[in-house]
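So, here's a batch of structures to check.
Below are two complexes that have chain A in common, paired first with chain B and then with chain C.
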Partner chain A sequence: MATTACFIIVSRNCIPIYEAEVGSAPKREDAAQLHQFVLHAALDIVQDLAWTTSAMFLKAIDRFNDLVVSVYVTAGPSHMFNNDISQCLPQTG
Partner chain B sequence: MADPANTPLGKMLLDEITPVVMVARERLEKVITQAEEKDDSELGSDPSPIDNVHARYESANLPTWFDFFNKELVRSASFSDHEAFDHPVACLLVVSSKDEQPINQFVDLFNTNKLPSLLNDGAMDPKILKHYLLVHDSQDGTSENATKILTEMRSTFGSDCQLLCINSSQDGLVEHQDNPWVLYKSDASSGQNLGCFLNVDDINEMRDIMQDLSTKHIIPYMEQKIRVLNQQVSATRKGFKNQIKNLWWRKGKDEIADSSNGSMYTFSSIESQIRVLGDYAFMLRDYELALSNYRLISADYKLDKVWKRYAGVQEMMGLAYFLLDQSRKEAESCMENAFTTYLKIGPSGQQNATRCGLWWVEILKTRDQFSEAATVYFRICSQEPLHSAVMLEQASYCYLLSKPPMLHKYGFHLVLSGERYKKSNQIKHAIRTYKNAISVYKETTWSHIKDHVYFNIGQWYAYLGRYDLAVSHVLEVLACSHQSKTSQDIFLRHFLHIVQKTGKTFEVPKLQLPEIKISSLKVIFEDYRTYASPTAASVKESIWRSLEEELIPSLSTARPNWLELHSKLVTKKYKESNVCVAGEVVRVDIEFKNPLQISISVSSVSLICELSASSDETQSDANSQAGELQNDNKANKIASRELSDDNSFFTLSKVDFSLEGGETIMVQLKVTPRVEGILQIVGVKWNLSGVVVGFHNFGSNLMKKKNEKGRRRGNRSLNDNLKFVVIKSLPKLEGFIQPLPTTTYAGDVRHLVLELRNPSECAVKNLKLKVSHPRFLNMGSQESLDVEFPSCLEKKTEHQSVQPNPNSISQPVFTFPEDMLVKAETPLLWPLWFRAAVPGNISLYLTIYYEIEDTSSTMRYRTLRMHHNLQVLPSLDISFHVSPCPSKLEEFLVQMDVINRTSTDSFQVHQLSSVGEQWNISLLQPVDTIFPSQCLVAGQALSCFFLLKNQRKSGILEDKTSSTSAHLGSVVRLGPQGSTEPLFDTSISPLADFHHFERLHQEISHQGDSTVDFILISRPLKSDPDSGTFDSLQLFSHHSCHCRQVPIPKLRI
Partner chain C sequence: MIGAGKIKQYSNVLDKPLSKGKQEVSLSAFAFLFSELVQYNQTQVDNIAELERRLEDAGYAVGARVLELLCHRDKGNRRETRLLGILSFVHSTVWKVLFGKVADSLEKGTEHEDEYMISEKELLVNRFISIPKDMGTFNCGAFVAGIVRGVLDGAGFPAVVTAHFVPIEGQQRPRTTILIKFAEEVFPGVYDVCSVGAKKRSKVRLSLR
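Our next item is the complex of A and B:
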């Protein structure tokens, strides 16, 4: 199965800083916006979860259909929720 | 949480699952089954208001029809064989007294083939409570006949017979305040004058009969049945013995009847009876009893693997737990269990799953678990798009209501729901959800999301024909540089398509296509400073300032004339704004950038200007007394100001261009004011693809601009920079230098002509000129205008050549003759001498000062600024080496080294002159021996020796010193032997002038007496070096000044 991943770095205040679409799957026209939608929606979960756990890598915290969102939260001086490195991977198999 | 019965779910359950409602529903069965199909489409088109003005954000504004829709969904799953709620408890048979055979009619009504299928196929006990009602309409006659029928009925059916008389109002038309049925049946149409013949007694009687029916018949019947069933169940299933037996028996049964499925339970089977018992208990609000029975049966159904019934029981257990308010966890796990089980059994369980899910959601909502509720809503989504659209929208509201609100999820689910609304052609609903989503995404920089939302709303509005709204939304996505080329193309095409459909040209403020770079904004205008070329205008003001210092009369020199007044006036009145002249162009340079990858065409780019014309009156005021004028003038100005947009007051230039993907273009926009007044450049407008007019106001980015501007023109803000006081038209000089080369070799001497024109009738006078590099440019005298170059420089036998111009040497400012006027049609021509002094890139600046003859004009003088860039290439490198002659004290040996630095050209060395009377130079050897080829090809070096005699020291020269003879000197011809080419006189203008500046420039700190200057004159050979002929029109001079004898160590004897 062809896999695809979207990688976005989000700053504080939910501003995307960096975006990249990687993977072997053929590019779909609406893939970019779907990934953005899914990752944007996952921010809610991240915001909740970042306060409750000390782990930096939050694996599979949210999903939409076959898209799985994993988040790496960096430590920040004032905000725990400083940068997110969000990754959405479709479930393989 | 107070009383579970008071929560929305509790009320819903009480509404739906109560015996009274069940009875009333009996006749409605068919209607409901039909409505169930119509249900969705009918509700979807439910006209919910589309709020165009602003996105609703408050939870209070949830669409009210959600409840109704949910209710109908729940209702659509009723009358299933796996549960007993919808099984009728009692049957009310109603026959009119007008009927000819009422008794037969009653019998017919309960005919088995007309009964619902559940009663017939054995899933339900057909022996239900029957009640017979005879309705008599009093308008048809007296009730005697009716009572007769009633007695007949009593004898046939027993005591459960009643007579109801209606419409007993005699005169008709009894007004009821409100429709008496409105409480019970929401869709009863209120328009018809229902029950206008019913008087108060009739209504009371009806109510009494119904109350009687429920309290005296139905409820006692149910209670009775519960008791009977409870006894049966206890006898067969309760107790240890029964349980063991049941377990054993079940196992055996499992093997026998596996395929017979749910239909194996008839109403008489113990399982069905337990279920009926549970349901009846639930209906009569004995939840403890209901729960214990459900638990009992649940295990049985699970063992039997009858999943639908199992799920149904689990569902009821969840509700019972909820209403008992006991274990939250139990309630949820039961609901979850039921939900997944319903889904497991495939499409037949879908409706039940939906109902179960909705109840589950309500349970969660009651406990403020909104985000969990939202996930349940999400799970309810089925294949059917409309259904899932409504569910997703409800899910989104749950996210909104959760604490803290999960706005990201809210937006996402709104978009998902909108997409499904669109799929089921509910465009208005789709727009509504997307518009709500905008409130979430408005501030974000998630560009793809924004583009998707705005573009879709725009498209849908266009579909609905609301083109104005469509345009405003699609506008948001136009500047989508992050999108792929194809989608950019789609966006733009859709946009233009929509705009075309509106049938008018749209005017859009802040259109983002193309992008305007405000930071590139540059205003170029001419007040007293005028520019000969655009390049001159871009030169730094400070350069011009320093150049003009000596030209412009300073304000401090008090003159008792108008000028003083004028300067005061101007500084006070127009301190804050620029001055420009009517009829002269104000230019604005600004950059347009195409952010897209596709090309766009932009046309009719022009400035937006306002010109408030001042009347002549104020102008004359300005010319009168200065003292009181200030106040009057201001008042007058405001009063007489008339804002005009029509182009009669000024003309604008229009530019058309097309921008390729990513291209940036610098556009020059011009405005020419025609009348006096105040001109304000407001902004710029353009036409995109011929259909959309975009505006950009310069003032809006004021703050950003301030810094940039401050650097250029002092501390004025942008707004002030774009404001001009237009004054009366003035003469303006135009100047050219013909023919100034752009590339030349060092040493090149040329004769140029400065041409000054004044197109206006008003003459200008008192011209003065200053050159930034006098080494390069020198003013000639008027007589030398038409001389032939270079023959004019040839040494004449008679001494009447042009004398060096004392003016140009002594003064940095060249003043034209006092009486010279420049007027229309008579251009002023003046000779200029040019010499490329040093190699390199040189910028030449010329400023010409002139005064306007008409003294009534606001401006007294103006300056013309000319700027030329030229590239000077290296030609010959010359160095001199002077050493004392060993034999004589007055004689020196001069070594001249010449290197041709050019890459292609050849030069012929023509002559070497020494400057100064006292010096005499001569060749040591004949030219041919040292210089056989006569020409210096590219890269070639030459060195030759000369003998230099100091005549003064040797006493040969008679002393006749004069100032003019300072440039006289001796000449050595270096050309070919026997050449008749005349020698050039280095003591006349312009060579002498240039030599003067060279001397100044090459000046060394220690200047002794014994220095000597040399001038080498060479001429370039024509491109073919073999011909040996030189270009007779070109002449190169190389000046080497202050050559000193190399100091030799003094010998002491």
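Our next item is the complex of A and C:
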């Protein structure tokens, strides 16, 4: 069962400042930058959503096929994105 | 105190609760440091506007960090998304942590919708500073204005913040007012979420003591 998650910290002006792959899946050649595209697309959603709630951890704000994006928004202008890639188990909920 | 009790040992440094930090710092040490900061900047600039700008930039860095720190330490991981919320956060929490007391008052400007003022009888940073006559309207409170600007900018409410002396009759030293003028983009959207300020017209003065 291989599951990877991609973790990116984005500073203000939507510039990524840290990226990490967490998990043990082998590198996927065909979708090497897929998680970066998905997270970039989720940025707009985060920017709108962040104003509606005062909570800091926003769970499952966006989906792309079977990839779920969740984000932790900090008080200052940066966000931390987490993208779950599950290869064997389908995402539920 | 040796053997006074067993402190709980945390195996992981991330599990340790956030410490309260040093609650108090020596006032004289701070006054000395601040005076050195002002003097150092004075040697580097040619005019007063540049000096004020430098002090403000120094304060901006403080404000950005204080916002993040207080959000985790004092507010239990809740952000501010409303204008009044962030203003009262600055007026009470930030002031309390930095200066040991809440600010004297928070007022809404009467001429313009997007102006707010935080006033203080005597800013802590100005207490041991006297301004010579030839420096005109220079105010070392520009440092505090920079702190406020850093907090507001970090929270997503860009503003221009300046510090002014307001002479009050009957008192020898003038009051200091931090004038906050929000940028264009703050106001169209904020009227939807700012429940108090939007409904009332500009004649209202909102005073928090």
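Just so it is clear, the second predicted complex is superposed on the first by the 73 of 93 C-alpha atoms of A that agree within 3 Å, B and C clash if a C-alpha of one lies under 4 Å from a C-alpha of the other, contacts with A are read in each partner's own complex, and residues count from 1 in each chain.
Basically, contacts are C-beta pairs under 8 Å (C-beta built on N, C-alpha and C of every residue); 3 or more make two chains touch, one makes a residue touch a chain.
Note that the coordinates shown come from a computational prediction; the quantities given were computed from them, not determined experimentally.
Enquirer: For A:V73, decide between first (touching chain B), second (touching chain C), both and neither.
Expert: The second partner, chain C, only.
Enquirer: State whether A:T53 touches chain B only (first), chain C only (second), both chains, or neither.
Expert: The second partner, chain C, only.
Enquirer: Touch test for A:D44: chain B only (first), chain C only (second), both, or neither?
Expert: first
Enquirer: First (chain B), second (chain C), both or neither: which does A:C14 touch?
Expert: first
Enquirer: Touch check for A:V22: first (chain B), second (chain C), both, or neither?
Expert: Neither partner.
Enquirer: With the two structures laid over each other on chain A, which partner does A:Q36 touch: chain B (first), chain C (second), both, or neither?
Expert: Only chain B; A:Q36 stays clear of chain C.
Enquirer: Tell me, which parts of chain C touch chain A in their complex?
Expert: 64, 67-68, 70-72, 77-81, 85, 153-156, 189, 193
Enquirer: Please output the residues of chain A touching chain C within their complex, sorted ascending.
Expert: 50-56, 73-77
Enquirer: How about chain A: which of its residues touch chain B in the complex?
Expert: Residues 14-16, 29-30, 32-33, 36-38, 40-44 of chain A touch chain B in their complex.
Enquirer: For a test of understanding, state which residues of chain B touch chain A in their complex under the given definition.
Expert: On the chain B side, the touching residues are 399, 406-409, 411-413, 415, 444-449, 451-452, 484, 486-487.
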